[in-house]
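Which chain is which? They are A, B, C and D, in the order written, and residues in each are numbered from 1.
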């Protein structure tokens, strides 16, 4: 992987620390004992399905909610009780929360007006930010509700930057935007992160989005942070079935540890060769990503092989996925479009993988 | 590619033919002179950005709108003026349009009730369809608004199937559903198409969705059908810049035909080797997909090579994208995660591609 | 005690004091001896006995019958109009809605006097017929039809607006889907449109019924004392005959009758069931 | 001619006939000679001259002043209540709203008589004070404060509902964002909450003003003829003095004054601008 930010490598004090942060709604823990340290200048993304508590978490970080227990430290200072308007942090909302009765300029200048800066200075700063975010200068006097989706996105970000926060929070700001524009804005956001050098904390339910932008990713489930790591770590070394399935299409095989150190498939009893660095456990799941599965000429061509029938194929742009029925189960094999598989539907096929391409998870 | 349906190969009469179908809204042509033949049993998807006229088109096919001119033929019979309730076709709406005051069973039985079938027979058929769509039998008496998003989807499809239509239309039924469930439902829908052997006509703005499910895809733009073909044809041989960009990330290079048969890049004047089967034209675009671009040791390692600086990298699950700045332009290079590129940000790099991996389009 | 409740408490006490006060006063006075003006007398049922022995039940019946007739007529008139506003008129709906709304800005009494001028012998309508067409017709003024006309006229917007809302809440897609599944226009109406717009219709009927039972001006101005609704009896008790406890007792009975009817209808047509919420 | 217009035409004609008829009749009659009952007289401005030479302007001013005072008091009372209903009371809002709604199901006159019984000397309030606490106080009944109390009481829901709607239309996110950008509670209110809820406030004010100008029962029942609003003058002209053309002319003037005010306010506070639509 490329080395992204020199300051990620220094072991200076974290800009934001969460110590056993919990939030109870009645008897239910929406956020359950979370510990993270966020490094200055980092792009940190919290990803999880809806209801996993990520919005509650970010609202506590922004000061719109108070944790039931635990501490939130900003550069070592406890800020649990500091209200949102006193925190040097700012949030871009899912709804964007623009002020519909104001112009683009007035929206961007809002935090400066609140701070009592004089109008001339305010305008200079607003135009600066509009240039940074590629908004034409003529938009300064335009009503914000007349802007397109992508433009509003940029106004919201400019307004947050005008506050000059030490940390910027993002609450799924791209989720309502259509696919093509979202892809463009994801890349723009990463560029802005690079240009401003601020700490970004982003939440989303889309791991695809998280992978594209983040330096580190934290995966949330049922209020708990189940894994934290770089996109590469999350993708190649998921620590649970949940994380592996969240990242993309995977083949999950329930297995039990056999006496000879091998794995036994729970349904067919067939024995499999485990990956080299396998954790100790009695039963769990073997995860094999579709791009590591191959079509074989004969069963001896790979460490592990299974026989089945070709059931379906799906085109995915540069890749093609094949579904193979093995007994009751369906396996997914992914090939590049340049090297497609030439079988016919319902043909008998052999699929296999090298032992070290499998990932063993105990859950 | 696999051979999908034997009946696609016979040259029997098309089940649905559109002959110069036009729909005017005032002076504006929402649907502009469309000609297609849909084969019996086909899964045909019309894909286009919002406002491209695809909803207007499908509403005319379903009988909810009349074309201004042109003919719609069902097995050779003109059905322009046949109202929706007399056509042997049925639509699954984007909103699903379930009857909120009815149970799951009553929703599915609605077309049978309208037809005057007796209650006992209706229930047998409804339960059959619920089994086909993996809805538990206990849902029969459940209020349809208490079902989850995926379940409602299945109820809407079951209701449409209860009508026993010759053609099923789908108006972006998956667009409001979150990513993971959508992926599952896409595959389920393809399975149902296979099991029922009905003709499916699907519209969507997501080419990803279209690629996964369809036998053939028609791409719409500004009311016109700009290209029709299999997913493979659309992906590997787009006929215009619009189609190539719609399919995914691409590198588009504006070029002019030089005297020596080569191509000249409009911005830098550098000469490029054109693909073997290049159409005749004076100026246009050379399209190169990111997975066909390679990092080179030296410029002579490929037919075409460009020098630039590594600008950014994005993780995309099984693949990694690199942005390379060449002069004013940014090129995207895609590599598999198993074989990442080991450069550092801002390094000088050489990228290149083989002449035949480029696609020339005149628009 | 939740903070919501703690904050709501003073407002609710203020409401109970401010809004319940007159109702409590009326109820209390209905048990005072007849023709007294103090609230300190010994409670008695005398006023209620007087009412049950009198012919007041005729006024009650007139009020209820007039209100019921008004609601039925309003439902028949307003449904097609509301349907047109939502489905047919397109951009002309705005103008039509405005035409319905503007008269509401004019005091009800003025509009009723307008009807008197319009309907009276030698007034706008009959005068025109007589002068220009030589037709001599009887005026309907000061008869039952005039009262009903006035009530329908005054309460039409209160039926129309909830109905329009109810009909507009039926999604176009749902109607299209029913047609697409083979339903004829009539089947779409019966199976989808009517059940889904029923909440709006019911609210309109309840609202206009309650308003119409409490109406007094229409009967006074257009009915010319031909018909005495119960509200008129109450007014007389409070003013000319200065028998406040009797007026209070009549008021209590009216509230009980209307309240019972409303509860009955609401239980019969459970709104949640209609809206498909369970 | 669009199909929408073709279908809307009969309904609009019916509306013009049904709804404009009384207004046209009133306008026409206002130009008839005084004390006539036929519409065929020679048009004259005599009624308007009579009004301008009389002291009717006092009634006009009373009506406008009473309505203005009512609107101001209502705005001050209703805003905090509406704010509480939307933002503070949580699940108790439903109950509080119900308490506001129930009295609307009781005829207005009955509720006003209830206030008389409550306020009168030896009535519920003063009687209690005297009997149990030995305090002797003057009744406010039949004075200006009683009329204002009655108007505020009767029209509170009509101010409260649009205001509640207006406040509930301000998104929570927008308020959170303002706070997050450094604004204090007061700045959030002034910069975001108030401008965004202004349409609801304006509609409430207009509605209650128009209703209050047309009010007559409050002054009659609670004011005991101490104050004569213009609606009372009109009623007298139509009934006791049997001078219909004069009543019609007064009505026309009232409609003109109210109409002019409404147009003026609507132009001043362009709703589209307030809503940020342009």
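The definition used in the following text is that a contact is a pair of C-beta atoms (placed from the backbone, for glycine too) under 8 Å apart; a residue touches a chain by one contact, two chains touch by 3 or more.
Predicted model, so just to flag it, every value in this text is computed and none were measured.
**Student:** Give, as an integer number of Å, the spacing between the C-alpha centres of chain D and chain A.
**Tutor:** Each chain reduced to its C-alpha mean, chain A and chain D end up 56 Å apart.
**Student:** Calculate how many whole Å lie between the centre of chain B and the centre of chain D, each centre taken as the average of the chain's C-alpha atoms.
**Tutor:** Taking the average C-alpha coordinate of chain B and of chain D, the gap between them is 58 Å.
**Student:** Quick one: report the Å distance separating chain C from chain D, using the average Cα coordinate of each chain.
**Tutor:** About 19 Å, centre to centre.
**Student:** Identify all positions of chain C at which a residue touches two or more other chains, and write them in rising order.
**Tutor:** Within chain C, no residue contacts more than one other chain.
**Student:** Return the residues of chain A touching two or more other chains; collapse runs of consecutive numbers into ranges.
**Tutor:** None at all.
**Student:** Once you've mapped the touching chain pairs, tell me: line, ring, star, complete or other?
**Tutor:** Contact pattern: a closed ring, each chain touching exactly two others.
**Student:** Output every touching chain pair, sorted by label.
**Tutor:** Listed in label order, the chain pairs in contact are A-B, A-D, B-C, C-D.
**Student:** Would you mind writing out the residues of chain B in touch with chain A in their complex?
**Tutor:** Residue positions touching the partner: 1-4, 49-50, 178-180, 183, 187, 190-191, 194, 205-206, 208, 211-213, 231-232, 235-236, 247-249, 289-291, 310, 312-319, 323, 334, 336-338, 340, 343-345.
**Student:** Considering the complex alone, what residue numbers of chain A touch chain D?
**Tutor:** The touching residues are 62-64, 83-85, 89-91, 93-95, 97-102, 110-111, 114-115, 143-146, 159-160, 163.
**Student:** In the complex formed with chain C, which residues of chain D make contact?
**Tutor:** The contact residues of chain D facing chain C are 2-5, 7-8, 11-12, 15-16, 18-26, 28-29, 37-40, 81, 84, 88-93, 95-96, 99-100, 102-118, 120, 122-124, 127-128, 131, 153, 210, 213-214, 216, 231, 234-235, 238, 244, 247-248, 251, 254-255, 258-259, 262.
**Student:** Quick one: which bits of chain C touch chain B in the complex? Just the residue numbers, please.
**Tutor:** Counting only chain C, the residues touching chain B are 171, 173-174, 176-184, 187, 191-192, 195-196, 274-278.
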